[in-house]
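Below are two complexes that have subunit A in common, paired first with subunit B and then with subunit C.
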Partner chain A sequence: MSSHSITLDDLPRDGERLDLAKVSKLNGALLVVGIAGLAVSVLYLFGFLGAQKQAEFAYSWLFAFFFFFTLTNGGIFWTMLQHVSNSGWSVAVRRFFENLGANVKWMAVFALPFILIPGIRSALWEWIVEQQHAGSYEGLATAAKVNHHLAILVAKHGYLNITFWVVRAVFYFGFLIGIIGLLRKWSIQQDTDGDFKHTFRSRALCAFPMLIYALVVTFSAVDWVMALDYTWFSTMWGVYIFAGGAWGSMAFSIIALSYVRSQGYLKKTVSMEHYHVMGKFQLVFTIFWAYIAFSQFFLIWYANITEETRFYLLRNTGGWWWLSNALVWLHFVATFVILLSAGRKKTPNVMNWVCGWILLNHLVDIYWLIIPERAPSLTSGKIGEALGYHGEPLLWLSGAWVGDVAAFGGIGGICAWAYLRRLAKASLYPCKDPRLLESVSCTN
Partner chain B sequence: MATTATAPVSGPPRILEREPLVLNKHSYSWITNRVCGIVENRQPMIWWILFVPSVALFLVMAACFVYLVSTGVGVWGQKQPTSWAWDITNFVFWIGIGHAGTLISAVLFLTRQKWRTSINRASEAMTLFAVMCAGLFPAFHVGRVWMVWFLAPVPNANAIWQNFKSPLLWDVFAVSTYFTVSVLFWYLGLLPDLATLRDRCKSGIKKALYGIFALGWRGGNRQWNHYEMAYLLLAALSTPLVLSVHSVVSFDFATSIVPGWHTTIFPPYFVAGAIFGGFAMVLTLMIPARSIYGLQDLITMKHIDNMAKIILLTGTIVGYAYCMELFMAYFSANPYEGQAFQLRALHGPSVWYYYAMFFCNVIAPQIFWFKKARNSLVWVMIVSMFVNAGMWYERYVIIVTTLERHFMPGSWRVFDATWVDNWTFIGTFGFFLMNFLLFIRFLPVIAIAEVKGVLPQSNPHFDEHAERGTHELQPDMMGADSKPAAAH
Partner chain C sequence: MPKTTLKRVHGYLAEFSGAGDIYHAAEKVRDAGFQRWDVHTPFPIHGLNEAMGVKRSILPWFVFFGGATGTITAFLLCYITQCIIYPTVVQAKPTNIFTTPAFFPIMFELTILLSAFTALFGSFALMGLPRFNHPLFAAKTFKKFSDDGFFLCIEARDPKFHQAETKAFLEGLGGRNIELVEDEL
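The block that comes next holds the complex of A and B.
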């Protein structure tokens, strides 16, 4: 630390506000990318480019949606964790997580096509097609007598049915929007009145709902991604998705923090110590993700039961093998080695590159979870027949990547644009938080 | 001031203070005298009242092992299909307890949780004794215990080739590495305190022995420098070991294709369960110890509050894992998996074990949502006892109730423990407690040097003018003696 230890007198009493005019170039560019991406996405989503393209694009949309959904969820997690653990170091950077989490409203909007556009949801979730085809539970049970594969779906009908599926989605978003909305509201109120009660009640609010949060993360991941193949299952699934989301959202927040500091803000409030702490969390979650990913893979590989191995067999076939290896060597090994050094964690310029790298790897992870299902699902079964495919299922659909880029640009552009605008709506740090001094003077 | 602490103030900034880690503004010498006094003075009567039965139980355990070795492993109750029973249940139970120590000393050290300093020494010691208890079961289950070195992949005349593909062999490596590093870590932390004891001894054999084990510690700058670097490195080395040991233990089951054992969440679920059980045992030992030896100002209610919260957190994680297992047993639509959990929880012969496990591990800790319960020694003690029992039930449920109802209904059989099973297990508690009491008798139960390091006067800037503002504590947070400081 510097020789002069910082005091609250060194900081502006009413915080610092991001001037949107200063960041208008970036924000304008994000908006343009977002609108362009969405315009292309709309063509795909509503089937203007044909049923085949619409079905392919369903996976692109889920991929982009889920990537940003995990980041947003991570923002909510870090905000809740800092409140519930009564954390001191994090006050100066908490707004970045609060604002990231508050993006979940946009995620709810981007989730609408899954519920409202039949072509999208039936391309993604084969179980929906089978159930709609059968008409009712009785119909499904009758169909299962002929097609024995459907017996699995009959057994899961209590959970995997469209009504319950929609109700759950509404609950997930209701919970996430509600909790982050309250936390952000109280945090901003404290900027004016400086009342301690906001700190205490935020902590109380985060305690028990942390459990609900865990269930929301788990079951949203089950509903939207695991159920892409309704025969597959793993008890580790929710933990895996959580680990990746927390990892990516910390990286995103570090980049956002560095960007805001590069515009001349938070020079006194945030020190290298904060980068160090955040870098350590980054390292912890690099390891935690690898531990979870390894355990899940290893136990399925060792037991070698057909109904479980399908997930990894698909992802170890053809070109996907390279991506699986990228997760081992780049997502984990390289990141782990880079983050071991304390010096690197304390250097913002290095951390910015590392965090960009981390976001890229998180993107690869989500891509690897969702996109390998696209070609086999769309070229087999009832959907394959409807799209005119016969014979062996394919592993890769050429040309579908255009949709991936469009969806990613559309959702990402709008999310980032909304995030920057939200950052400017209140002080960049909770300026009257009673632990602000502890945070700005933290050492570790 | 505490009553108005939430009302807004205009004027100087308001600062929320942390609760002190050592109460009543004690000096360095008070801490040294209080902790060293436990070793230097005569033990209170209660120590003897606990020690004598512990030794008796230890002897019972020893007798059971002698009987086992001289008669055969058949004196234990396992018969097909329950070929794994109390031995591995007890092994996993004790090894789980042996996780809290290294978690407190290593993980809380790396995360800069200063409250660890009052409890790390005793928890580390407890860890070592728990791992010793755990090691007895696999060692003696081989029958001819002098052949146990065959587990190690060293050249031998019998052409025994260890099965490197077996998680049971990984267990040998994981546990022995963990034990070795835990001993080193514990001993390293002891050095400055051993030197303190040496310096306080008048003369004679005691001084010589403390002197030998203090390895010539003089407390110079360079010694502290090396010491702290070594401590940090060992902490970083121990952390993956904490995770690896119980992950490997979970692999013993999860790599199989047995329904109820093979599930991907096992590794983190076992680790969370181990921390859960370990913290319960730390509380079980430390709550009486702090009262007997008057350590309430060092192991404060804040420490107990924190540990109760960790029990709540890990208990809830364990509950999450139980529920995920149940959900996936349903969601997988796998009839074997579904049947395994129905037999476990609904209509098997040992459903009561499942209910006992669920109540002790998931329901009982929920009372810690209330601060009143966390701040009541009686409630904390009751819940810790439930958790101690619950974690044993958990291992019994996973291991025994699964094997009782395996793939062939024709050979189903309910496990029945013999008197040797019972007394060997009870005897390990005597062994454990005897070791812990001897530790209290001969070694400083609290890390003196580390506790001094977290006192306010250890901060070089402590007497400088404090930050301008109103320093306040959260209302109802601590006792009356921690009134907030006045505004500057």
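The block that comes next holds the complex of A and C.
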């Protein structure tokens, strides 16, 4: 509107390409961290350090895998949302979501140990151990007559059986890889041919599959994390995981955007208005996550039913109590208050710190979901017997954190390295998108 | 009551032909250093706040403290009644600070209620509403502001207002149908 407003002539016709040579230092460091982490992880994963360490590491691997899986999933969600809502503002930053979502290929590779290595699988999911021990559904039903705890597993057999579990995992990854692959492919095709049809078919593609996406997020979270304790259930679970993932992935995208801008790119296409919009999404998802997290806690706390309270009892015992409180006061309250100010949301430097803080809190959230299950699971039941534990279940296994760091460095390093390389493969923004000008000059 | 003939000058009202025109006119009025003036358009114009040099409203602070008052009021209401005056044991829950989750729905609702009230009544107060009339309603062309008219009004109470110079200034900006709006006393 003002006399100095940007027109398409001010922008490079073929977009801006990230020069990998410029970011080679960071990229090299990420690759080194990734390979070192994976090398250590392989020792753990294949049991070279013993069955005990392998079992402990199963949780480390799930923790690191799931953290990055939620971020990747969030990237897919944001891409689909921009298409399905025909968003104009987001065109300039959409490729950050697309490239983050496209990491899901790597997540599929990192998920292979869960399916292929029996030691990892049975350390995590007791229901698999119990079913294999019983041999068949009939065997399980017979065993349940003696051990009444198993009755719930008999009832859940239609869903929790290995064949269906593997088929579902394949479907989740097939769907996620397919949809983000298509969206990214069409978006990049448009960079060269400038055809509007890509915009329309992307929108058409996202509408109905948004429902499937919601189911995939929900049930993958149920299959891999909620099923760590097959007796526990919560209908809030899927949306809780989704809220955290969308929150973390937006934080990651803002940091990546700031990093790319610090290298001298996207100076004309991205303005403080984009930071403001993305910051608003951060605020919304801070509140949304807290709303869901509290609803889940509240209903279980109020109803006070034995099967349900176990989840929170464990996480309120010993040192875990501090982490539960950190989620309330740091994950929600502190972030909420920081993000209230419009001025802060419009200041990239502040937003970078806030987003780092958000990623840290998302990490704590995923850690808090998965790691508390490790010690009690491995020191009781059939796995505990196999590992030589007899007595009361433990709350904490000393030394297991080394595996957490290795797995996190391995998966994180490789994911970040692949992400940066992918950013460089095409223009940093969809340069022929029909809504580009609308996005560049967006105000709110 | 007998009608007086006394009138007070409200200011100059000038009409502009479109969003772009009035945007640039606003920039020039801002740069000329006027304080008491306003723009009336049929629809919101992006960036007009900056063009007018309007400072950010203080309303968010009202809303923040309104909401905080709601949270604290709700907590105290629940805590004092349920934990101190008449400790109520529900489903073996404690009656101390760890009962707080049970108070959350009320804290949440009262936060929203008081935030909404401060937002609504705070903005009324800042805008000077409600009021019975506005001098601009007496202007001949002003009704068009809700249809297709773009108006800029410089008020007489502005320290830089001058009966001849301000009119010439508005004409120089491209304002049409310049009218001296008078308020009946």
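Remarks
Simple rule for what comes next: the second predicted complex is superposed on the first by the 441 of 444 C-alpha atoms of A that agree within 3 Å, B and C clash if a C-alpha of one lies under 4 Å from a C-alpha of the other, contacts with A are read in each partner's own complex, and residues count from 1 in each chain.
The definition used in the following text is that a residue touches a chain if its C-beta (ideal position, glycine included) is under 8 Å from a C-beta of that chain, and two chains touch if they have at least 3 such contacts.
A quick note: this is a predicted structure, and the numbers were derived from the prediction, not measured.
Look at A:Tyr302: by the touch rule set out above, it reaches both subunit B and subunit C. In the superposition on chain A, contact of A:Phe48 is made with neither subunit B nor subunit C. With both structures placed on the common chain, the touch criterion links A:Lys432 to subunit B but leaves subunit C unconnected. In the overlay built on the shared chain, the residue A:Phe336 is in contact with neither subunit B nor subunit C. In the superposition on chain A, contact is made by A:Thr235 with subunit B only, not with subunit C.
Residues common to the contacts of subunit A with subunit B and with subunit C across the two structures: 298, 302, 304. If you check the complex, the residues on subunit A that touch subunit C are 1-3, 294, 297-298, 301-302, 304, 340, 342, 443. Interface of subunit C with subunit A (complex): residues 19-20, 23-24, 27, 45-47, 51, 56, 60, 64, 91-92, 101-102, 104. Only residues 5, 7-9, 13, 88, 151-152, 155-156, 158-159, 193-197, 199-200, 207-208, 211, 214-215, 218, 222, 233-239, 291-292, 295-296, 298-300, 302-305, 307, 432, 434-438, 444 of subunit A touch subunit B when the two sit together in their complex. Here subunit B touches subunit A in the complex through residues 5-9, 13-16, 18, 112, 243, 247, 251, 254-257, 262-268, 316, 320-321, 324-325, 328, 330-334, 369, 461, 467-469, 472, 474, going by the rule given at the top.
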